[in-house]
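Some structures to go through are shown next.
Both of the next two complexes hold chain A, though its partner changes from chain B to chain C.
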Partner chain A sequence: MTASQIIFYLIAAFILGFGILSMTTRKIFRSAIWLLFSLIGVSGLYFWLQVEFIAAVQIVVYVGGIVVLIIFSIFLTQQSGIEMPKAPFKRTIASVLTVLFGFAFTYLLISKNNFQAGDGKFNADVSTIGTRMLSAGEQGFALPFEAVSILLLAAMIGCIVIAMKSKPEEK
Partner chain B sequence: MWSLQNIADSVQHWLYATFNPTIAMLIEFAIIGVLAIGLFSMLGLVLIYMERKVSAWMQLRLGPNRVGPKGVFQTMADTLKLIVKEGMTPNGADKLLFNLAPFIVMISAMVILAPLTFAKGFQIWDINIGVFFIAAISSLSVIGILMAGWASNNKYSLLGAMRSGAQIVSYELSAGLSILAIVVLSGSLKITDIIASQENGWWIFKGHVPVWIAFVIFIIAVTAETNRAPFDLAEAESELTAGFHTEYSGMKFALFFLAEYVNIFVVCALGAILFLGGWMPLHFGTGTKFNEVMDYIPSSVWFFGKTFFLIFVIMWFRWTFPRLRIDQLLNLEWKYLLPISMINLLLVTLIAILNWHF
Partner chain C sequence: MNGIPISHILFVSTALFFIGMYGMFTRRNMITMLMAIELILNSVNINFVVFNKYLWPGKMDGIFFTIFIITIAAAEAAVAIAIIINLYRSHKSIDVEDAAEMKY
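And then the complex of A and B:
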């Protein structure tokens, strides 16, 4: 095994370990924190693949955005510091079965489709990503980009409308 | 000619000539780690002394003057006191997260050092997304603060952490937009490219009014992001005792304190790199006699000089402006700074496209 492979397995174990911890812990805030570590592990994997831009985006969006949002909503819920009750036995069995089936299906898919290892070279310059994102040509992503922009704009306007203070009605 | 670049190059050359590549790389990692930790402790000592002296000077006091000549060993004595103090963990706290939080804050401050250029050719990792990397990692420190506030199981800590979280998340936007202004002008995210684009003059001179606006917004936003006065309502002593680190003591408190000062250094270094040319000496145009004279001053002196000037400006703010209320703070960001910096970004793009900059 080369050093690169060892590093890959270490990162993968890190991601999976914290994923399992985040599912099994009985304190909701800790669960969010373990999820955070798992996501940081994913961005570490991107760094290992040398796609630095995607790795940084992973950190900005998931760690700086989504996990912070989750933590804020945990802060706003009542009794979030209390340890949750232990899951009933039936539920444990069901979740173990789900996990096993998930593994089985994924394994089946991977073994049926003969995936080849790439040559490990990505052209992931920021300028390339930017040009492709905004070009309407052969390999451009202008349409999906615009669709996502409109979706986000709609979401933003919705947020503002919800958060707007309505003036008290005069009697 | 002795320069940091030559020393680093000769060390690397010797290592790769003597050992096989893997071991040489591991030794380099160790050297970089030792240097980074050394820089951190030096920064802690120097910046805290500087802060106390600057605030004393602003208030017509003497400041620390008992330990050593002019009190230079005062911070050393304080550090010794913090080391021997007991690091207590409250009974009702979530002990694991309580003890983990200072390390998260510290590690995220350390990782940001990687793409900074301290002198000509003296840099840990010239990553091709440089400034974006810094912006991404600095969003991690808010998690440490939220964690500390929650795990302390204390109402003041939680309030402080919530305020701090809201503040950092919102001011990140205008800091990012003002960074983008320079990225648009220099056409690259890489730190070395950004510095190289300032060879015939720093951006603050070349970029006209929009760059000044971006610079001012950047300084305001990073002051808020590092929780410094006048935006220190996360720890507002008079209302929240000490905010998110109320329950911390001993070395765990010291780590928060140190991380705060290192973050100030990092953001000021970033400001110096983006707007004031990093290690680039003061140049006007190309090939003039003035430039040659300026080149005699070593690049590390330029970098640290600019950075410490910006740090001084941020310390100056602390004794000039009164603390903002939370609603004023959020109004300032969302109703003034963000729209201004968005329009400013458009203006900068116009300048970059029409080549109006020098």
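And then the complex of A and C:
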């Protein structure tokens, strides 16, 4: 077993362990912190796969943006220390069974499938990504880029409108 | 590549997906359900990157899909949190069972 393999299994255990903790703990603030660790593990997996740009984006957007937003909204909407009520026993059993069977069937499919490795050189450095993203020609991604930027603008305006306090009624 | 077969990496992403599904099924708090959605989106991202790198290394479509999914996840989280905060103002609770006015 080489060092690279050992690092992969460590990262995998890190992601899955913190993911399970995040979905089973009953304190909401701890759940957010463990989600943070799990997302850091995912970015570590991207570093291991040598797609450094995606790993950096993962850290900046998920760890720096979304988790901080979630923690803020926990502070705004409830006490962070209280325990959430336990899910009913019946629902827990049903969801554990559903998840286990779903996982078993999906992994069965994956392990039976014979994946053929493609040829070509994998090249995902930042300059290639940037050139591709803004080129409108063959293999360019300018149209989805524009669509996503309009979506972001709409989401930003929508957030402000939704969260705006309505003025008190005047007589 | 790197001595790891692709199915082991797909094991991680599948397990992460079903952990997120478990969270969706058992949690009734809107913020924790949002966290479950983030886990599910992350597992999809891992799949895209791994398939791109192992099966079609000459192309970059998986990388771009991952970038766009991350962007859309950020927008979705922001809108969801605005809705949650607004709901908390009117209902004093963020439990999905308490927001049942439009159910019937």
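Keep this in mind: the second predicted complex is superposed on the first by the 149 of 171 C-alpha atoms of A that agree within 3 Å, B and C clash if a C-alpha of one lies under 4 Å from a C-alpha of the other, contacts with A are read in each partner's own complex, and residues count from 1 in each chain.
Following the convention adopted for this analysis, a residue touches a chain if its C-beta (ideal position, glycine included) is under 8 Å from a C-beta of that chain, and two chains touch if they have at least 3 such contacts.
All values derive from a computational prediction rather than experimental measurement.
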Putting chain B and chain C onto chain A via the overlay, clash or fit? fit
Classify the contacts of A:F89 with the two partner chains as first (chain B alone), second (chain C alone), both, or neither. neither
Quick check for you: in the superposed arrangement, does A:G158 touch first (chain B), second (chain C), both or neither? second
In the superposed arrangement, does A:I15 touch chain B (first), chain C (second), both or neither? second
Who wins on chain A residues touched, chain B or chain C? C
Least Cα-Cα separation in the three-chain superposition, chain B to chain C, whole Å, stands at 14
From the superposed pair, tell me which chain A residues show up as contacts to chain B and also as contacts to chain C. 53, 57, 65, 72
Chain A residues touching chain B in their complex are 3, 27, 29-30, 33, 36, 40, 52-53, 56-57, 59-60, 63-65, 67-68, 71-72, 75, 81, 125-126
Mind pulling up the chain B residues that touch chain A in the complex? 22, 94, 96-97, 100, 127-129, 132-133, 135-137, 139-140, 142-143, 146-147, 150, 153, 158, 162, 165, 169, 172, 189
Going by the contact rule at the top, pick out the chain C residues touching chain A in the complex. 1-4, 6-12, 14-16, 18-23, 25-29, 31-32, 34-36, 38-39, 42, 45-46, 49-50, 52-60, 63-64, 66-68, 70-79, 81-86, 88-89, 94
Which of the residues in chain A end up touching chain C in this complex? 2, 4-5, 8, 12, 15-16, 19-20, 22-23, 28, 31-32, 35, 38-39, 42, 45-46, 48-49, 51, 53-54, 57-58, 61-62, 65-66, 69-70, 72-74, 76-78, 84-85, 87, 91-92, 94-96, 98-100, 102-103, 106-107, 110-111, 115-124, 128-129, 132-133, 139, 141, 144, 148, 151-152, 155-156, 158-160, 162-163, 165
